[in-house]
């Protein structure tokens, strides 16, 4: 614990240096239907396919969840690990704990007809994220060996909308 | 818990495909004064206004906090929920717990004249984020029904600086 | 706790408005060797140097970890604080707790020859992030006084690869 900071040697390697490339802006929506919660839906292949379709050789892709109870995360797709992560999310903000947000006797804001008790999902989402931004190199996301992009359902089964937004250059 | 991963059907829909658009780079600073901690300051309207002012039709906006004890998060602006989220932040890293960072008898680094005991705020910030990057479609952030952008004050009331940085094309 | 939301006054200031700048796409890889876990490796100077080398005057830099057990975070580089943050990470997902991911008697997916028990590192990573995206103004990251960019090793000492990806305009 007393070695959390060190002077490590850092090596650099230039991969890309492009000027005057033709600008590209490209966006697709992904619609995925979750079947449980929490659920880690692996959308990596679709995201890579969209990046390829964009025509951008270099740039950035932002994967953006349009929801406050569904998040975007990059982690490993190993089924037992997904159970561990579901358990940790539950520890942080359990489904059946007390949430003011779930007190429909007091709440007056943002109530709609299908309102469910989902305070836990919002609180879990606070610690995950709405988006992830990744580099594009040679027309694809240069993901590491174990990196997969997940849409994380935190609330209940339903259709979710994710935007995959690319900005870059043709190279 | 044994259904955290599934093969869900995913549908795609192309929204934008622009090449040769005129590049846009635009940035504004927002200065907001917090009045409590934790405090969730809803800056959505200002961010949308800045995106509109940028002239970018497609691209990305990054909302960036210039602070290590104030974060950027997207979640729902429902007052009772904000209380739930404040409580969960407190559980993760309570204000009055022991932090090495607050031990001014031992600490020698980064001390300034106004130094306050804010170890909890740094530790909460670790689990939130410094920025959020969002797509721009048709000149605005395509936020979902409940999505609002918050500057989250974690430390104590003061003026905070947020950058809203746009990069994109006129379309 | 009843003042988590307020109507604060927000002031705006335009910093940049560029059109027709020459597009820039630039990327370098950083290779850093960690020596402990958790370890906060301060890569700020290298990232700033890469942004300068890119030639981009305005735009965005994404710092991206190519790993599922090493994260990117922006926080303060104060040695005692780094110990606090290491402790909080341990509370969230302790090294020696039970993880399904570590049960090699049951696990069948993504096993390689060097497989180690690292469920805690994946679970900690879930609450940190794979990347951070930051604005570029006048050819550098406009970091606040205490902001430093860290590669956070969560697993065990080894070489890690970080991409620093710039997209912007020459201005």
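Lettered A, B and C in written order, each chain numbered from 1.
One rule holds in what follows: a residue touches a chain if its C-beta (ideal position, glycine included) is under 8 Å from a C-beta of that chain, and two chains touch if they have at least 3 such contacts.
Fair warning: this is a prediction, and the values are worked out from it, not measured in the lab.
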Checklist entry - How much rotation, in degrees rounded to the nearest 5, is required to superimpose chain A onto chain B on the basis of Cα coordinates? => result 120
Checklist entry - Same or different for chain B and chain C, where same means more than half of the interface numbers show up on both copies? => result different
Checklist entry - Rounded to the nearest whole Å, what is the centre-to-centre distance of chain B and chain C, using the mean of the C-alpha atoms as each centre? => result 15
Item to check | In chain A, residues with contacts to at least two other chains | outcome: 23, 60, 77, 79, 83, 85, 92, 127, 129, 133, 167
Checklist outcome for this item: chain B contacts chain C in the complex at 22-36, 38-43, 46, 50, 53-55, 60, 62, 64-68, 77, 79, 82-83, 85-87, 92-93, 99-101, 103, 106-107, 109-110, 119, 122-123, 125-127, 129-131, 133, 161, 163, 165, 167, 170
Checklist outcome for this item: In the complex, chain A touches chain C at residues 1-6, 8-21, 23, 58-60, 73-81, 83-85, 88-89, 92, 127-129, 132-135, 137, 142-144, 146-147, 167-169, 171
